[in-house]
Structures are given as C-alpha cells and as structure tokens.
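Next, two complexes with chain A in common: one pairs it with chain B, the other with chain C.
Let's turn to the complex of A and B:
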C-alpha cells in the first residue's frame, strides 16, 4: 500500500493544477448556476433576491417560447451537422484514398479550414450586408431574373434559418475534415491491402473497415458538435437583431438565456434556469450516445 | 483506490454545491477577487506620477471623452480614465451590468435614452439631488431632469436636450409640392392625415421613384411620443391606441410604396441622404424626408449627405413635422459604489450643468487642437463640432443667434436649426419613458417587420411580440389585447 501510494502520489500532483482549476472555474460556476436558477436574482437589484423554488422552470414551460428555442437549436444543429459529417467523410475518403491520389491535399484542407479562422462577428456582418434589401444578392437575383423584385431575405424564416445552417456548416466542416482525416490515416493500410486481396469493393472497405475503426473519432465529433450546437449563439445572435428575429426562427437556447440576462432588470435567476435545462439536456444526450455506441464486443 | 477518489470527488462536489447555496454574497466574492488585479494596474501608473485623483468613466460613444479631457484641463490633479464600449447590439449595457458590484465597476456611467430609466429606477445610481440647484440656474429643460429622476430623487443629468424634427429635401419639395418654404411645407404635413396626402403626392410625382420617408420605422418615435400612458403602469402592460395606429400606419406606408423599405441605420437608409440609393434593378431612388432629432443633424444627416459624386448639402430644410417627439440623448450618472463620490458628482456637474462647458460644447470650442493642448495623447479625430443642442435654456438662448450664419445654417438653406429646436424643446414630454421601453419596443419592431413583409398577419403579429415581452419581463401582467387591435 505504502509503495503503491508513493507511485501514485506524483500522478495526483501532476493532475492537481487541472483539477483545482476545473473545480474553481468549471464546476463552481455550474453549481452556482444551478443555485441561481432557483432564485429570482436580478442584476439591477441584487439585494432583494429570493428563493423561488421551481418557479423559473414552471415559467419556461408555461408557454411555447422555451420549447421553440429548443426546437430551433436542434433543427439548426441537425441540419448543419448531418451534411457536415457527410461531406467531411466523403472528402476524407477521397483525400486519404490510395487509389485516387489527389494532389494538394494540404492546400485543400487549409482552404476548407479557413472559414473557421474568421471572426463570427465579421461573418455575420458579411452575410447581413450581402442579404440586405439593397444588397448585392438582391441585385444579382433581380438582374438575372431569378426574382421578380427585391425581397427581405432576413425577414423570411426559412431563408434566415437556412443561412444560419449554411454558415455553421461552412465554418465547421473544415475542422471536421481534419479530425476525420487524422482518424482515417491512423487506420493501418495493411487492413485495406488484405481486403483488396480478398476482392472487397470500395464501399465494403468503407463500411466494414473504415467506419468501425473510426467510431471513437465519430463519437468525439458527435459529442463536441452537439455540445457546441446546443450552445449556438454568435452567428444567429449577430445575423439579425439579437432576438432571434424573424419571428424567433433563429432564437436558440443561448439567445433566450442571454435575452433574459440582458433584459432591463437583468434576470440572471431566470437566465440560469435556461442554462440548467440546456445542461441537463446535453448531458443526457451525450451519455445516451456513449451508451448506444459503446463497444459491445469488449463487454 | 479509484473508488476512494470518487468518494472524495463527490464530497467536494456536494461541498461546493452547499457553498454556492450560501447566497449571492458568496457568489460575488470570487468575482471581485478575480477582477481586482487589472484595475490596480490601470490606476497604479498615474498614481506614481503625481498622485492625481482618478475617475473611471464608461460610455458608448467618444463624445464624453471630449468633455473628460476638458475637465482634466480645468482640474489638472484629476486623471479621467475613459472607456468606450459600443452599444450596437447592447454590448455596453451588458458590460456595465456585469461590472456592477465588482472592483472594476466604473465611477461614472453614460446612459442612453433607451436604457437610462432602467438605471434611474434601480438602486445602483447615487442620489444627485444636491446638483438640482444648478438645473434651476441653467434652466435645464424639464424633460431632461424628469427622465433622470425617479420618486423625487434625481440620479442622472444630461448635457443634451433632444427634441425631434422633420428634415426634407428642398428640391423635391419644389418639384412635387410647388414650394420649398418651410412654413408652407409644415402646413402640408401638419398632422398624420395631411402627411399621408403629401406622401402620396411625392410618390405620384416621382412615379414611384420618390419615397416620402426611408422607412415607416422613422415615425415609431413620433407616434409613441404621443401616447397617453407609458408602456407599463402598475406592473401591467398598456396597449395604447397609438400603438395600433402606428402599426396600421406603417402597413399603409409599406403597401402604398410611400417608404423605401430601407430600415433605419441600414445602408439604403444612409444612401438616401446623399442620393445614391439604387434599387435591385439599378433604378435610382430618392428619399424626400427624414425624422431626426437634434443630434441627428450634426451626427447623422450632415456626415452622410455627401458621397464620392454627390452632395445634398444646402438642399435641406427643417420643420416640426406632424408630431412632436424626442429621440435619444445621453445622461450621466454616478454608480453608488464609486469610491470618490465628490469627484464623480463634480464631473457630472461639469458635463451636464456647467454653463461654460455647455457653451464650449455647442459652439465648437473643443477642437482637436484645444484638446491636444490639454492631453497630447488625444486621438486625431477627437473633437466636438458645433451645433449639438444643449440641455440648458439659458445657454441655448445665449448662443442660438450665433448659428444664423453658420455652416449648419448654410447646409439647411439658410435656416437656423438651433432657433427651431429651441422652440420645440420646452414642450417635450419626459413622462412616458420607463426602464422597459427598449426591450418592449425592439420586440414590437421585430414582430412588426414580419407583418410589414406579409410573413404573418396582424393577428399573428401580436402574440409574437407579447411572447417575447413575457419572456423578458417575468413579473409583468399582460392583459387581453383590445378588440380594435385585431382589426
């Protein structure tokens, strides 16, 4: 025991900075948020805060507003995640294929990753200007006869949602390509060689070798994207008026939370209740993913 | 071993939860500790130099920086640390709220009309009643004082009064209305019905290429300024008939093509000011008029009246328009927590209630050279052009005639805007403003845009607005909509 302890001692020492940092800056805020969500704390009158039990949560479910935010978030995330992972897989298969031998993979990968380096604020401002009523997209559409007259793109719920989906996809698929490619190149080529000797088709190799061995990577992408997607904020916030307009079609969980926080009195108690529900939702889904995609063979 | 670790970990978790439950005081402590360091750094440097008194001022424009430098000129022992945070999407409001109660909270805050009431109604601003005698001496316009006052306690003052006006293009008036004389044009837009008639004339005369206004949204403020009651009375939302009237008016303007659909502050809206507005087909369009208040003239209209090839200066005239209103303005208040209260109060007095400063401010004394002489590090574009309309009637009356031959007057085809604003200022009403206006109105405008674009019907529009209001004001009572709102 004594010897064991000595050996492990350094391990704890080495992880201590992270654990301490996590407890203070990660865990404590989470618990404080949970605490706040049971109060009616406001920023403008912090001294009159009271314990209100589940009232904040009851209010969230009293009307459709919160559920609309949840549905929006899911919709926008799924619509950008599915093509994102699809395109990333396709591109990665091409780029890593020993048959195709595509040239300039590094250049392409860099180009795909580029949008991710742009500030979301400038991306949102760019698209806002492009799609404004007197903007270039309207000029192009009308002059080339696609539209009879100029339209307010950002007043149309479908167009606006579509734009957010597109921007999210465009900004993030390069990142996914890099991770997926790293995962694919890590798979031993001898497996593919053996499969080729046995006469396997490209699809068979992809579905029987690549996909199963890529599962941990895919789970990682899925979970990180889910966590990021549930907290989607910057693009939808800045693309229109910061309230999820038009008609709350791009109001996400975090925009709702923020609008409660930034309302005239600064209802941080009510805002926290949104945060808590998003936290619970994300955790449950992430655990679910791990459970269903667990490696059944090793049990 | 691992199990033991988990037990310890979960105990820590429980302990931290219990700690969090101790109350808001427990939550504030770490924030304060965390933020103390940078402030100490900022203030340390000048303290070493000559030991000046330090004042932290936050604002959302660079305007007050000019006065801060002038204040340093009058008080060499004071060092004003000026922080500008933009408020395009509410960043400034968020930042100030987040800083309240922490060590890097500012001493003096600038508060815009849209949210000044939230602060005046809160307990976070210092009682500045001792400055009230100065307002009597300077005859500060009553609305300005009223907005900064809650339950008899004045907490913020402003250097500006912001009565609204109506600016129109003389050339289009001559072409379409037969005259560009301000008195005659005023008669043609004297009330809403006449305004609509004139809008139709402008539209027909330009065969659809002339718009009466850039957007019906321009008249949001004028309509709301003529409500009978504020948005919230006794924690209950008020549906004033004026709100419904405005919605119908805006829809009518859109359907008849009397407005260009260029929203306020959008590129198209600005382009109309210098005749470079071009629709998607490439057809040039013209905007006849703009609803703008005092500050709109020097800060918005004049700077945007020129483009590379066009200059509309001199082609404008100014009248009262169909409805009296006010729009915007900047108030200054002192946070309750300010350590150097006397200094902060004196700064507010200087900014808003000092005859010499207000005179200098309005008459263009604060040039870049003037400011550089005080603080050599003044940025090159920091200065105050003449023409801002100040809050003191005494100052206004003294300086109004000095604008008779000014560049401003030339820009308005010979009209003295200052005299015109001076006539409108005393009648402005400050009673309708509440702390919740900004959020309620932004939500209404967002829903209204949907209705104007035929994305929703009028019946569908109201719930979109009210859902949002309900979610931002959990304790607000929202009564049934009046029946005529549905028609």
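Let's turn to the complex of A and C:
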C-alpha cells in the first residue's frame, strides 16, 4: 500500500512535459494575446507600444467591419450547421433502422466522410476553379439550359456566401453522421422494442426516445461545430481575394483578424482584440447552450 | 383481400427506394468535385474550356511541365509539409500517450481538475492565442522557423483527450504490476509494456495529427515567410494567384498533388479513422 502511494507521485513526472509545453506554447501566448489587445502594438514598432485600455474594443464596436464580420460568420455557420445536423440525423436514422436494413452502411459512411480530410486550402481553390467563368459549372448550367449565359458566380454576394455554406456543409456532414450514428447505436434496442409493442409510430420513437437520449451528443456536436465555425478562415480566404469579396460578403472573424495582422503596419494589438472579443462571444453562447439544454430532471 | 403484412413490406420497399435515391444523390455530391479535380488534372486547358468530361484525358505530363515551368516548386512544399507533419505526429503521439498514461494509471492529487482542464483546452479557439504566439515567437527569433510549428505538439490537448479515452478502454493494471515485480522502472513499463499494447490507438491518433498538420494553413501562413520554407497549403495560395491564371490544367494538377496523398491514406486507413472519430466523441 505504502509503495503504491509513493508510486502515485510518478503521475506528475508523466504529465510534466505536457505542463511545461502548455505553459510555453499555450498559456503564455493566450496571456500575451489578451495583453496585446489592450495596447496599440504594431509589428513595425513593437517597442513603442502604449497601453490604450479598452480603446481597441471600443473601436471594434464602432467599426462596421467588425459587426459585418461577426454577422457573416454567424450566418455562414448557422446556414451550414442546420442542414448538416438535419441530414446527419436523417441519414443516421436510416442507417441504424432495423426495418430498412440499408446495405453497405460502412461504405456509404466512409465515402460521405472523405471531403473532411481534404486540404481546405485546396478545396477552396478547387471550388474557385469549378465556379470560375470558364469553369465546369458554367459549362453545365449553360448547356443544360439552366442559365441563358455564363455568369460570374464569385462576383455575386448571395452565390458566394451560399458556396461557402455549401463547402462547409460538404466537408462536415460526413463527420456528423459518424458521431450521431455512434450515439444512436449506443441506445438500447429494448427501448424501441418496448415502444413498438405499445404501438408507437416511427416519429414518436424518434422524438421521444432517440432525441432525448442523443442530447449529450447533440450538445457536443453543437459546441465543437460552433467553436470551429467561429474560426472559419481557409475556405472563405482562398475562395475569393482573401478580403471577403465580393462586397465583404464572406469576410469572417478570422479574415478580419488576419487583415489587421497583415496590414501595412501590422496592427497586432487591434488583431488581438478581435480574437479576444470573438472568444468571449463564443464562450458565452456555448455556456448558454449548456445551461439551457442541461438535464433538468437529474437535478 | 389485402394482406396487411404484404402492405407493410410494400411500404418498406417503397421507402427503401427513396432512401437509396437520397443516399446516391449525396454520394454524387460528395465525390463529384474530387472526381472532376482528378479528371481535369489530366486534361489540357483547351479541353477543360471546351466542356465537361467525366473521364481522364492524356495531358497529364503536359500539365506537369506547365506546372513546373512557372517557378512553383510544389515538391519542395511537399517535402516541407511531410517533414513538419511527421515531426508533429511523432511529438503529438508520444507526449499525448505519456500524459494520458500518467492520468490513467496514477492517482495523484489534482488529477481530476487537471484532466477537466485539458477537456476545456480542447475547445480553446486558436484566435485567443495565435497573435500572442506570433508576437512571442518573433521575440524569441522563432518566426519563419519550423520549431514554432512543431514544438507546440508536445502539449496537444486534443491528443491527450483521445489517448485518455483509448487507454481507459484497454489498460490492464495486472500487466503494470507484473512489470513492477520484474523490476521495470515506471517509465520503462510505459515504454516496453504499454506503448506496444496501445499501438492501434497510437496509430489512429497519429493519422489524425498527421492529417491535421498536413492541412494546416493558418499557422504556417502567419509564422512562415521564406519562400523555401513554404508548406503545401501556402503553395496552393500561389497556385491560386496570377501566375497560373489561365493554366487550368496545371492548376487542377497542382491541387490534385496536394490532395492525392490524403485520399490514398484514407483508402488504406479509413477503418481507423472512422472508429477514431466515434471514439473521440462518445463516452460510455
């Protein structure tokens, strides 16, 4: 017993590299970002930086660009998240249905997931090429008569935004299917059998058994997707000119942060304040979701 | 008179038909952009401009020559990305396993809060640290240096989270005790007994960290400035730029080169990847 107790302190040795790595590469940069957000530091003159208090934040709230970036990011995220979770639920119900007995579930799932692994930078460049003026989409649309003549898709704000939404959906719904399915197969089949005996309809089984038991998984998907969505960068950056064109319709939080960072003087103080503010916003919403969806019965 | 059972099967078959139809439609949507990319990589620019095709042509080598002639050394980016991804993967797998093993096996004071903290860290967005990270690395003179991309892998919260989920499902205390009786050191038990047994989990974790590092654009884009240190996603940005403006065949080929390794990777290891995603999320 005594020996075992002493051995337990070896745990600290095992986690020590992580802690050291985290202090150096994780915690300090977070501290530095928060600190920078209260200063007017630029890359060009890092030593003459002044403490400016909340000025960076005041400027952001007064800045139409910031509000626009926040709106864009939310809009693009929500519009891809809703069909993503919707299609994933639908497909997962079918895949796990003992009545439909869908064949090759593993193969379907594997193929649906593939876009998720592709390099986002390349995916955006690919869609740029596909939707370019002389690209395959125009050829198809004109030849099949859907459009009278070729159009500049990426100069149209609605189409461009829709395209970012689509790409995000395309890359992520397969992953959501896998996670939702894992959650559904963990639900005991005896619950469904009992419901069948009681004459429950498919919809009743879904809404009264599947959905409530799936809640923790759905919260997990929601929160991870929200945190990821608020950081969206590669796709909107690479799809057009890197500034959110046309008309800043796909300028996201991170694109705005990057453009402050890469501006001629390199306003890293102002860029930090974008990061900090978006973090606060994301955290408040995520905690709110936890609070509202928490299991009230178990309390 | 209609047999109610027949009616039931009929309805099921009818539904099944629409389910398969829907699945095929999503499958086509999932695959077609990638297929068009691969096909167009083998077609000449005039062919591409003439119309759609779903089967490869014969201009792969011509496209390759054009791709190379414009001064973009994609293979350099390929090599750089491979090096960074491999180094990141080795560090992530080893240190995540080490940390997770420490949490799973030893009951030290503060273990619970430490693990909860790691779970919170998984969700910490990059925005909150990247600018400070850049600022701090530039003070250390480590911008434009691969160390700034590779070393943070020592403290990968997501890696530890995954490794902990995996180890919890397979750690055998008896084996550890047997090792102790044989006089192995604690770290020796981890290296000689646990790591070999946990190899499948380590491998899955390795796949995820390799793909994540391979595809990572933002960090490298912020930190790396020298052309000869560009990673593959950064070169995609060049490919997307003015130099290649009208060379569609070469552009498609360049993009295909960035994507094909991952597609091959996936064809070989999809089983690990799919089960890994399910494991990372569902806690029983």
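Just so we're on the same page, the second predicted complex is superposed on the first by the 272 of 299 C-alpha atoms of A that agree within 3 Å, B and C clash if a C-alpha of one lies under 4 Å from a C-alpha of the other, contacts with A are read in each partner's own complex, and residues count from 1 in each chain.
By our rule, contacts are C-beta pairs under 8 Å (C-beta built on N, C-alpha and C of every residue); 3 or more make two chains touch, one makes a residue touch a chain.
This structure is a prediction, so every number in the text was calculated from the model and none was measured.
Placing chain B and chain C on a common chain A by superposition gives a clash between them. Contacts of A:234 after superposition on the shared chain: chain C is touched, whereas chain B is not. In the superposed model, A:183 lies in contact with chain C only, and not with chain B.
Shared-chain residue A:130: touches chain C; no touch with chain B. By the touch criterion stated above, A:191 is placed in contact with neither chain B nor chain C.
Once the two complexes are overlaid on the shared chain, A:26 sits against chain C while remaining clear of chain B. Residue contacts after overlaying the shared chain place A:143 against chain B and chain C alike.
Taking chain B and chain C in turn and counting the residues of chain A each one touches, the greater count comes from C. By the touch criterion defined above, A:34 reaches both chain B and chain C.
After overlaying the two complexes on the shared chain, residue contacts for A:9 are found with chain C alone; chain B is out of touch.
One listed stretch of chain B collides with chain C once both complexes sit on chain A; from 5-13, 41-49, 95-103 or 131-139, that stretch is 95-103. Residues 8, 28, 31-32, 34-36, 41, 43, 46, 129, 134, 139, 143, 238, 261 of chain A are contacted both by chain B in one complex and by chain C in the other. For chain A in complex with chain B, the touching residues are 4, 8, 23-24, 27-28, 31-32, 34-36, 39-41, 43-47, 49, 56, 59, 63-65, 129, 132-135, 138-139, 141-143, 147, 149-150, 152, 155-157, 237-238, 241-243, 245-248, 256, 259-267, 270.
By the touch rule above, chain B contacts chain A in their complex via residues 1, 12-13, 16-17, 19-21, 24, 27-28, 30, 89-90, 93-94, 97-98, 100-101, 115, 118-119, 121-124, 261-263, 266-268, 271, 277-282, 435-436, 438-439, 442-443, 446-447, 449-450, 453, 455-456, 464, 467-468, 470-474.
On the side of chain A, the complex with chain C involves touching residues 7-15, 17-22, 25-26, 28-36, 41, 43, 46, 87, 90-91, 94, 99-100, 102, 106, 108-115, 117-123, 125-130, 134, 136, 139-140, 143, 170, 174-175, 178-179, 181-183, 186, 217, 220-221, 223-224, 227, 230-231, 233-234, 238, 253-254, 257-258, 261, 268, 271-272, 274-276, 278-279, 282, 286. Within the complex formed with chain A, the residues of chain C that make contact are 12, 15-16, 19-20, 22-23, 26-27, 29-31, 33-34, 36-37, 40, 48-49, 51-52, 95, 98-99, 101-103, 105-108, 111, 114, 121, 123-136, 138, 151-152, 154-155, 157, 160, 180, 186-187, 190, 211, 214-215, 217-218, 222, 232-233, 236-237, 239-240, 248, 251-252, 255, 258-259, 262-263, 265-266, 270, 273-274, 277-278, 281-282, 284.
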